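Two complexes follow with chain A in common, the first pairing it with chain B and the second with chain C.
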Partner chain A sequence: MTTAVVSAAHRRATPPARWDRRGWLVAMVVVVGWSVSSAGVNPTELVNERGWSQVSQFFRAMFSPDLSPSMVELTIRETAVTVSFALLGAALALAIGLVGGVLLTERIWSPQHGPMTRGRPGWVTTRVLFALPRSMHEVVFGLLLVNILGLDPLVAILAIGIPFGAVTSKVFAELLDDVPIAAERNLRAAGAARLTAFVFGTVPQAVGDLVSYAFYRFECSLRSAAVLGIVGAGGLGFQLALSFQSLRYDQMWTFLWALIFISGAADRWSSVVRRRRDALAAEIHLDVRRNLDGRRDGDAGTVVDDSGPVGDRFLRLSALVCALGVPVAWWWLEVDVTNLWADRARQLAGELFSDAWPPTTGPGGFAELTTDAFDTVALAVLSLAMAFAVASPLAFLARRPASRRRGPGAMIRRLAGLALRFVMLVSRSVPPPVWAFVVVFVLFPGLWPGAVALAIYNAGVLGRLQGEVLENQDSRPARTLVAGGASAPGALTFATVPAVAGRFVALGLYRWEVAIRETVIVGIVGTAGLGRRLDEQTSAFDYDGVVATILALFVVTLVVDFTSAGVRRSLR
Partner chain B sequence: MIKSLLYPTPVLEKFSMPRPLLVILFALFIAACGSSSDEEPSEDQTQEFDGELVIGAIPDQDPEILARNYELVADYLAEEVGVDVRFEPVTEYDAAVTAFRVGDLDLVWFGGLTGVQARLQVDGANAIAQRDIDEEFTSVFIAGTDTGIEPFDDVAGLSVVAGRTLTFGSDSSTSGRLMPQSFLSEAGVTLEDLDGESGFSGSHDATIELVEAGTFEVGALNSQVWDARVEEGTVDLDRVQVIFETPTYFDYHWVARPEIDADLETRIVAALMALDPSDPDEATILEFFGAESFIETSNENYASIEDVGREIGSIDG
Partner chain C sequence: MQASRTSAGRSAVSTAEHAPLTVTNEPLLLFDEVSVEYQGMNRAAVSGLSFSVQPGERVALVGPSGSGKSTILALAAGLTLPSRGDVQILGVSSDVIGNRRHRPVRSRIGIVGQDYALVGPLRAATNVAAGRLGQWSLPRAVRTFVRPGPVDEIRRALNAVGIEDKIWERTDRLSGGEQQRTAIARTLFQGPDLLLADEPVSALDPARSEAVMAVLAEQAADGHRALVASMHDAPLALRHCSRIVAMRLGRVVFDRPSSDVTDEHLSALYLLDNQATE
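And then the complex of A and B:
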């Protein structure tokens, strides 16, 4: 729905009345202040200094993981499982995104000319339908699917693929709505049916970006597969949870190192693929520019197609690896799709549905649900505010230097950057529930341990995304300032920071939306909010309560999405 | 919008991608579409025992030890009962119940509460055997020595916990949550009387760590796990001590799915009861369970657990 507002505003050229940046800034400060006050601010009641010995015990084990042959073998096997889950999950997300993206565009619901009228109800319904899975964390899907499919690899694949598919659909729809309509019009004029014209005229122009986005989804899937393992889906996360239960830190670190390794590799791969593709696209774009004056010119699409099979070897290889990887992963996990419509699955789905409907709020009633919902918002705000405050400077310090300068100073900078990037990698590779457990040793129970755990995790993710923005930033303004005599910090302050600030904030807001969903996985130790509520309800098998909580999360997510879209609009 | 966040370069054009990839992806999607059916359950509830007995256990202690020992149990049962037996580990109490409910586990070593939850979700499931010690199981309340809480002998003494922070173990645990909470309420302490929300550490071992660290002032756990940790010497008794051991209650037991017919059930119970401490392998199994022997049990023994479960909301409805 948020995009609807955005693109409608674009089209009308007269933006609707909206808050300006200052208004949003004030609102943000107020919200953060409110979150801090609801979490409590008295440090003696927050920090438990006695717990440091346990924390240091955990981190010391980092350097002495259990490397016995049987553990190494197990780790390798389970790593393959986790990667397979992630690959199949991302592939499913991409497939859903291809179809869902088309269904979510304004274009297919609109008449050929003029504004959307008759199609509006259908379009709005589709949007809401896709918003629901987006508001649910993969773990929530996992918990529900286990009740239908039992201990089956499909649980993890669907739990990753469905919510990620809904997100991908939204992104793809936005890409599609941005594609110039000319090619489609030409096909229509030549007599093609409406859907045919759309599928052959418009969709191909956005598929490249979708695939590129799918690589980003793959790296998210890996982290997600690890968390799903913790709730019992198998793979590294599952083993991690097992050694976690008995507090075997040395074994935990064996699995964590494996997670750090694959997560780092996937991040790097995805970055390179996306950067190369963007560079390639920019080249094509220049070509097109040379031939034509405006992008919206009628023949743009054809010219691009005529440029033939452009490509670079790395990209082709990546595509090939994925194409081969999917069936291999399928075989490795012994996926049996027929389990989806087996009698048992149908029967269990029916039972689950009759258990879960209608939703009830439980003994605490609506008031308690509302309190928990507010706690969840406070938790997400706190964690993101902290993550943003840490990640933004880190992203600057950790970025890869653009110049190839030598000398001891440059060397130290490079090493420091490497170390910081590694710290961020660790913080996003270790699943949030593990962070929560570590943090709770030194912070007394309440909102803070959950918030700090999510902050550590999100600082890693955010720092990486912000780092990408920096590395792709046009360096000319800063170089111009330096050439004109400005100092390096001066150039940073007056050229680079202003240029990226808007995008940094936008990324922070995007992670805030994600953080709302993530609050459900740090509900463990004394943290309040909807996550804890969900934990208690699932352990009591109170499915009608679970549904009520999921609906509450849905409402919270919608509110947050709207707010975040509003702020981002004001940043453009 | 997300797009604009992830693609720093404003240009969006075509990407060459091999056709087969697309074809595979579409095939995957179509395959996945079949899942979205919420059809009526089929009337046919009868399921046959498929020849392989899958056993499970709630993950109440070191999973490595669990896995190693349940392999022994599986081998023993296979030999004595004459069917294929396989152990399938799970990570959470709820997961054990759910796997039992959907039929992925046939015979599970449950705690008191999880066993009741499991039976309530599967018509015709039976509690079939327990250990000698399960007839009189206990929990312990532990507290940091610096909290100044002195040990006491009477349930009413638990009123000192009011105004303190407290952590349970897993929220589905009988000895780590259900019974301690029940004894607390007997002493007139509700969860609202605690300082802040009660914690759920996730496991008995984690409860000990958290109380030792001082994050929580008081913790409640399985007395068997506590005793084992003390014996191992992995608890710092200068920092944490037992303040109260609860009265006894019924706890752990084996629950069988209805596909296991009367005959098979009898053979399994007989095999469990025949575990002999003089045979080295069988002695290992008994030692792992911390028991002298297994005895028969029945659903009725767990009626009071069920009542407590309903009272504190761990059993819905």
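And then the complex of A and C:
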């Protein structure tokens, strides 16, 4: 009977429809429509015409930053602080990730022989334990820790390290579980202890991916460190907030240029490290294939220098810089771990926790909490829809051309690509709260200013991630079509776009999950949703309300994560 | 230019007569003292290579791995440029064939790569349809992308290689052999004057290899077009091709009509092969 169905399907004159995808597409249109309507569509109620002069004032200051010697000195010092936050935060995240990643793998909980079981109590417990910190943005940790520790570098380090550690654990666990289990099974069967077999059989195969991801996390930490500064942790972000309060745009741009510089450098470093890693992985893979089947002629065109995985000088240097950077940053920030259990901190933490329990919904009751939760979802949907619509074409226009063609046309393209990449760098280096401050000049408070601010920021991040997908894309299908007579746009439509479309959407969904958490940081400038609520509650020391809001955020995050996972499954 | 007009709109595996080409004595492919050196390799991938392919010829490139067969095919497709020497493809130097104005010429080249070079997330039908991108305007191509073009012709091309039932499957869900046949179906649908195939039957079983080689050879049977294929199976090459070019270490060992190739020739090649690997 099955064969009858199959044989009928291919006789159709049109391809069979993928109903799950159509379903998600319709759902997406509905959700975006609902988000737009809850944000409002009447321009006279939304746009503040008189704000444009301030916006242009802000951007004009871009070209005349305050470069007085004292300012420059301050900027350099604060840049070092922000970089140190990021480095120590990422190091903590990595440490947590290495332990948590192992604990979260399915295989570490699986019995000696026999099938993997997901239902083991130990596995479930650790999953739940790591889900809560993952659902909270760094700023939420920052706000709480500032109240306990005051202005202490530990605030930023812990605020970055804890949630990033939880995310890193989850990703590490997935990477480790992706490694074929055969090697580990054989070791275990030969009598090796569970952890020994894991460390010898599984970890070495995933090491490259783990390193690559750790570098991506550092890149994220840097942006996070800037945002944390704004809520009072110190560094460039803190100075940025001070200059904004006194409306010194020229000083703001001094700090922003510093942020753009370090953010650009970190992005570049991270992508070079990851590309080298990929090249090495590809090379290793190729070697295996060559040995397995002699068919592969040696002229595939990929020629990598013959230094092995450990021989790559750039990778070794990067590892060395990181290893030395951690103690240097520790010394520079004068980190004192004992502050964590100082009497004052313990007392404040005790007060905070006794205030915080049981959670209450506040005067607005459960209804207001629900409304705010829905606003948060709408905010994230709007911002990501806009970011995706802008970033996807930008990623194509901004990519580095693969061919070394010359001539005026190629020159213009290259310059345009460079300019666009710079615009995207600026849009992701300027922290979202700063974008929100600027957007609020021209948009009346509500959902839109937060959505636009997050959209600008996420377009920069998404454009970069999509650009990486494009640059790592196999160019052979497109080149074959062109060699067979296809035009460049034809090859783009038939080969490149369909090959990357799935990855683009998956990245958009991933950023949507992150955007839900990020709504908190634009909420701080009083835009909308659970973020504004959280900000009001923390400034009023209403900790039982804070806990209720955090729980609401947790629920929203879970729902969004599950939805996103469902859509991504339909993309495969 | 005129030749391209005649090839445009040619149907896939149809047996209908093709309009005769205006230039018949010109070789479809001409290699003149061609050498290719890759960075970091201690010897040239091919060196001092001169040969031509005339209309109607079915050329098999045979030889051990690393002998330069794939490089020759990449050169003939304009995908690799020679370090020295000149390659003329359908009368156009490969240095300039990538130019926009030579698109009509390029649309007469059919390529079955060793890596198939298909677009994984697309359906087999769309990958086959991509064979005519050189003949279609962009709006026409985009329309096809949404709704696969001449379905009957696509079906016929897939049927010729025995996978008509996979027409609506996602290409990356197909097996290696099915993907290889999809790539071949694409060139059948394209109907090129110069068909270049890098190990076109490497992933197929013997019976299927025989059938697919027959389909490919038939493409050059009308005397106006040519097939150049690299192959591992020398007897199969002898059965379906009119000329054998044997390669080793980037040089031609012998180049003669299939009817002249004896068992001694082939075993000499295998002997060299063994010596080379020792």
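In this text, the second predicted complex is superposed on the first by the 519 of 572 C-alpha atoms of A that agree within 3 Å, B and C clash if a C-alpha of one lies under 4 Å from a C-alpha of the other, contacts with A are read in each partner's own complex, and residues count from 1 in each chain.
We adopt the following convention: contacts are C-beta pairs under 8 Å (C-beta built on N, C-alpha and C of every residue); 3 or more make two chains touch, one makes a residue touch a chain.
Because the structure is predicted, anything quoted here is derived from the model rather than measured.
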Which superposed partner A:Gly502 touches (first chain B, second chain C, both, neither): second
Partner chain(s) touched by A:Val207 [first = chain B, second = chain C, both, neither]: first
First (chain B), second (chain C), both or neither touched by A:Ala323: first
Contacts of A:Val482 with chain B and chain C, given as first, second, both or neither: second
When both partners are placed on the shared chain, which of chain B and chain C touches more of chain A: B
Common interface residues of chain A - those touching chain B in one complex and chain C in the other: 6, 304-305
Touch list for chain B against partner chain A, complex: 1-9, 11-18, 20-21, 24-26, 28-29, 31-32, 34-35, 37-42, 44-45, 59, 61-65, 88-95, 97-99, 101-104, 117, 121, 165, 167, 170-172, 196-203, 205-206, 209-210, 212-216, 313-316
Touch list for chain C against partner chain A, complex: 36, 38-41, 45, 65-71, 74, 77-80, 98, 100, 103-111, 113-115, 117-123, 125-126, 130-131, 133-136, 138, 141-142, 145, 147-148, 151, 164-168, 190, 192, 199, 202, 232
Residue ranges of chain A in contact with chain C within the complex: 6-7, 9-10, 12-16, 294-301, 303-306, 476-477, 479-487, 489-491, 493-495, 498-499, 501-502
Touch list for chain A against partner chain B, complex: 2-3, 6, 48, 50-51, 53-54, 88, 91-92, 94-96, 98-99, 146-151, 158, 161, 167, 170-171, 174-175, 178-179, 204-209, 211-213, 216, 230-232, 238, 241-248, 251, 274, 277-282, 284-285, 288, 304-305, 309-311, 315-316, 319-320, 322-323, 326-327, 337, 340-341, 343-344, 346-351, 353, 362-363, 437, 440-446, 465, 468-469, 472-473, 503, 506-507, 510, 524-526, 528, 532, 535-536, 538-543, 545, 565, 568
